Amino acid sequence: MALDEETRVRLSGVSTATLTTCLFKRGFRNVCLQDVHPVGPAQPAMVGEAFTLRLVPAREDLDTMAVYADPDHPQRKAIETCPAGHVLVIDSRGDARGASAGDILVTRLMVRGVAGIVTDGGFRDSPGIARLGFPAYHRRPSPPTGPIWHHAADIGLPIACGGVAVYPGDVMVGDAEGVVCIPAHLAAEVAAEAAEMTLYETFVEERVRAGDPLLGLYPASEASRAAFALWRRSRGR
Amino acid sequence: MALDEETRVRLSGVSTATLTTCLFKRGFRNVCLQDVHPVGPAQPAMVGEAFTLRLVPAREDLDTMAVYADPDHPQRKAIETCPAGHVLVIDSRGDARGASAGDILVTRLMVRGVAGIVTDGGFRDSPGIARLGFPAYHRRPSPPTGPIWHHAADIGLPIACGGVAVYPGDVMVGDAEGVVCIPAHLAAEVAAEAAEMTLYETFVEERVRAGDPLLGLYPASEASRAAFALWRRSRGR
Amino acid sequence: MALDEETRVRLSGVSTATLTTCLFKRGFRNVCLQDVHPVGPAQPAMVGEAFTLRLVPAREDLDTMAVYADPDHPQRKAIETCPAGHVLVIDSRGDARGASAGDILVTRLMVRGVAGIVTDGGFRDSPGIARLGFPAYHRRPSPPTGPIWHHAADIGLPIACGGVAVYPGDVMVGDAEGVVCIPAHLAAEVAAEAAEMTLYETFVEERVRAGDPLLGLYPASEASRAAFALWRRSRGR
Amino acid sequence: MALDEETRVRLSGVSTATLTTCLFKRGFRNVCLQDVHPVGPAQPAMVGEAFTLRLVPAREDLDTMAVYADPDHPQRKAIETCPAGHVLVIDSRGDARGASAGDILVTRLMVRGVAGIVTDGGFRDSPGIARLGFPAYHRRPSPPTGPIWHHAADIGLPIACGGVAVYPGDVMVGDAEGVVCIPAHLAAEVAAEAAEMTLYETFVEERVRAGDPLLGLYPASEASRAAFALWRRSRGR
Amino acid sequence: MALDEETRVRLSGVSTATLTTCLFKRGFRNVCLQDVHPVGPAQPAMVGEAFTLRLVPAREDLDTMAVYADPDHPQRKAIETCPAGHVLVIDSRGDARGASAGDILVTRLMVRGVAGIVTDGGFRDSPGIARLGFPAYHRRPSPPTGPIWHHAADIGLPIACGGVAVYPGDVMVGDAEGVVCIPAHLAAEVAAEAAEMTLYETFVEERVRAGDPLLGLYPASEASRAAFALWRRSRGR
Amino acid sequence: MALDEETRVRLSGVSTATLTTCLFKRGFRNVCLQDVHPVGPAQPAMVGEAFTLRLVPAREDLDTMAVYADPDHPQRKAIETCPAGHVLVIDSRGDARGASAGDILVTRLMVRGVAGIVTDGGFRDSPGIARLGFPAYHRRPSPPTGPIWHHAADIGLPIACGGVAVYPGDVMVGDAEGVVCIPAHLAAEVAAEAAEMTLYETFVEERVRAGDPLLGLYPASEASRAAFALWRRSRGR
């Protein structure tokens, strides 16, 4: 159930807000990562399949600066093996006292064609990350080096991130507000529905700016749907 | 005790910080909404009487997307009936897991001449709200659609917002730091005093930049008051 | 053990992130003030020795606006006596419900040549402080006047700030991510090591952007150290 | 849809844990008041319809000890008008810094035949309340008198309590673990189902103590249902 | 302004709840230590003047097990010098991750005739402390040895404890609900008033149990005051 | 490195407080599970090797009551396969909104000879668990059925519990204060040292009750060690 190009394009053009509505209609209430924010104010939107990394608390005898020399260290391995077009999602237990990653690692991800990085902890060197123009989401800046608080445990398992279950292969979408996790099997249908909703909301926004009241317009009524059909045709969309 | 124009103008020119001082002198300690921030970095200041909306937690059988079709739905009714020049203040129990409102509703408020919107929860489509240049205050962005966590219960009652009691008709003032709630019967006198204090502080700021120490200047002494009188006269204020 | 000029310059050129690594190597895990952020997005970096001020909770009979008339009031005294080149660090018990200081006081500090101000509470008039271009760090904006929640107790004692022990004379370094406290006796050696690390990381960043993988580069290997030596020489650093 | 006697009896014999399962099967996820605990370790179970009282934050000029002299003060009115057999449920915004009620008021409720009292704030005189042997639930003991932090706003509206929506007439059930709120229209059917489940779990508990594994027993299988039918008949239940 | 015997006796017979009311009438809102609970369920009430100890966060190079060998270590010194009849009050910054003290130290305090111990952190060996039958108050049990998180900084300064300002010499009163701090100069008058209120509340409790409604009784009316006078005389109080 | 009988016996006789001291001396600061408490006030002490279960947040389509019918459901499998003498440790992400387990499952564990159960979430049917007299530790009672908030993900991995890293095979020790996790390779040496310390503290406790000051006794001096040697011999320990 790989993410097809049409779905990717559609998801790039819709908001996380709209996606939560589509998923709520299907019974999903908990899809938006809580307290996970864009690192930079102007970073591009993010779409990609989840590639997961799990951190547990550090232990003083195991977690020293020496861990990074190990080529099999799960954090470093995640950076080098997360597939292009995927999003590296890190379960940091919501703990931003120590960094989940820093700018050198994020740069490497970017160079490798990865679609973005998400943690419910914090990044260090976050001003540098913000300058990359790469989709990166965290809780807050966290200068302290990772091994002070975190131990990279494993890759590719279901994780918690921002209070949401993220399964490898789920589709992560991020915009300027935050990040939504779409269960893999729903990505295509939700993308299609969200694209339609977005178009209707563009029409609504225009009508509201022109002075129309909400009633009969949002949510849609028969009359507003007819007006929308005209509007849409006139714009060739 | 409607908000008169002179008071409105005065309140537009003073800071929330100064207002807390004036209210503290009158025995009020808890007037500044905690953890309620401007949505946009450059939105205009806000002054207006409170029009209240109260949310309680959602219940799965009552709160679905269908609620919005009801013309009497309290949230939609609040958007259409909040008087021009007033501020819509929403008691979201400090819960930003689901949205208190989104950009279409806020646009409608703006078009209707409402003075601002405040919640102790979060708004969705917050980047769009920020672009409106309309005074909007919340805790943090919240993409999830409202009915996932909130049920609009009623309009026009005393509420809690950001840990502060807000009574309908109280005067809400917002600047780049946050929002203060002034009990209605004190608005005029507090506005007058705050305007005076603000002028004095402009003078102090000038003196401090010129190298004067704080002692004898801030708080004012007889000497500083005399210097201020001169300064004031020379500027025709 | 006053802060020498070479150390000050070195510390101005390194990040708080790098400093936490150097200190972690020496066994220090808790040196980065938690939840303490720059007030302005573009304020300069900060380096200076800690000059401490301690706040305890306000008491209604002791803490009124009248306290500021006292020339010995510890907050005002701290503003007037914090030595040039030092950083005023305020223990606000992490409580941002009332202000730790405001823009007039911060302006006075700046005029006096102080190197910065840090609190684990909040500043009022924070938009004004942000415009000063002066290093100021807090938890979040806090309009309410100080005596509502805080009593200035004393100056010059060891304090807690952001969960970190700060001893008078410790070296405070701040950048766009936050603030680190370096024990005084380690400042020079840590500054030297951090400056070296920073140079190596500049080299790494260049290599990673050029497509090099992390392994063998970060952390350094014998090969990468050799390449670095060449790179360094070629740039005369 | 008054609470009938059979339902009341059934609900007195089942646990809040079992009720959450019955409600989850019907799509309700948020029915158990979070962080609301029994005041006394040995108080009786509680069943009754919700009678609601809503508190907002105190305001210094309105909330003094004088408020209690008013015969229409909502808190006092709630104590005197909450019907026998009902439960007084107080929305204290989860704030236990000031008391929601004290032992004299709770004694009066008990004398009046009320079924229990619940707040998501705290009670004062809680050791006295614990001695009453009356069902009372709160977050934690809270000695400070109510008007320091709370203003009694109104009676009989939908409220939030412990993060759960409570509508007047909903059925509140409390045991030694906490409190569950059952939507009024579901009380009878949920009570019947929960009573059945409880009986089955008694059987399971017996089997598990005797050494049976969980598989095939819990959840029930055809075989275990047959064994249960026998067990049940043999006990005449 | 030492605590006289009559005041001590009176304070031993009133509740912390009643004391908060007396202090609120005098304008004090923040006198009850938040989230500070008795260690044992049956420990005696506590009355005594505050003797303060202040902890700051531990630093790895300063805070090792070796600190306790120093006869001037502030925590050990506090244990040996806190005067009999006083209460040792510890500012632990609300941090219960490491212990503020343990059972051996508390035993020593008890043997020395000290009146009680209070922290807004946690005690270790708390089951042993509970068995002492000595007034001890904390946030929650905390097995980890103190130097992991705390550094004892100094003795005899104003401190924060449970969010309340405690000045040396203030009168600390504890019961089964928690701890109240009475400003020293108000102890005698508050004790007298609280003793009177307590007697009236005993009368009210009796009337309410007998079926009287609250109105006209609580708060007192002319009629109820007359009945109370009779009741009081008849009991010789 | 299985837990030998001598170590098990020693660990049964020492406190979690003492164990944190022994581990701190070896550089371990974070070994005591935070906010994890005994379910029952009188449950026996706990010693056993960790057998881990990991929960992630629930997803509405995956987590229904039907999951428990699956014989491979990780929670049920953990209950049936956790070895006798081991402790089942559950990573519930500190989330007590839904239950980690209930009394039937805990009874089954007990019958199977398991040494205890620990979660950083909550148990349902906790009064029933308390009556079992079986070592069970959690954050607080949690009636809601597990699948509302939790999904059992896997067994036998390193986890976080109460903010501490727990590796399968680590030795979990619980007493009336809480739970400590001892890295497997240190269990024997720490047990021996802790047993010695405990004996010395028994001696100290006796001396302190007899009136000895702390200095020269705690920590031990040459003199006190000599006295202890005598005391010990006289008691044949």
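First chain written, first letter: the chains are A, B, C, D, E and F, and each begins at residue 1.
Heads up, the rule we're going with is that contacts are C-beta pairs under 8 Å (C-beta built on N, C-alpha and C of every residue); 3 or more make two chains touch, one makes a residue touch a chain.
Everything numeric in this text was worked out from a predicted model, so none of it was measured.
Between chain A and chain D, the least number of touching-chain steps is 2. Common neighbours of chain C and chain F under the contact rule above are A, E.
Just to note, of C-E and B-C, the chains joined by more C-beta pairs in contact are B-C.
Between chain A and chain B, two chains of identical sequence, the interface residue sets overlap only in part, with shared numbers making up under half of the total. Listed candidates were C-E, B-D or A-B; the one reproducing the D-F interface, defined as more than half of contact pairs identical by residue number, is A-B.
Measuring from the averaged C-alpha position of chain A to that of chain F gives a distance of 37 Å. Chain E and chain F have centres, each the mean of its CA atoms, that are 32 Å apart. The set of chain B residues touching two or more other chains comprises 29. Applying the touch definition to all chain combinations yields A-B, A-C, A-F, B-C, B-D, C-E, D-E, D-F, E-F. Taken together, the chain C residues at the contact with chain A in this complex read 15-17, 19-21, 24-25, 29, 31-32, 34-35, 37, 175-178, 180, 201, 204-205, 208-209, 211, 213-215, 218-219.
Chain D contributes residues 65, 68-69, 71, 76, 79-80, 97, 99, 102-105, 107-108, 111, 124-127, 140-145, 147-148 to its touches with chain E in the complex.
The touching residues of chain B, when paired with chain D in their complex, are 27-30, 56-61, 93, 151, 153-154, 157-160, 163-165, 183.
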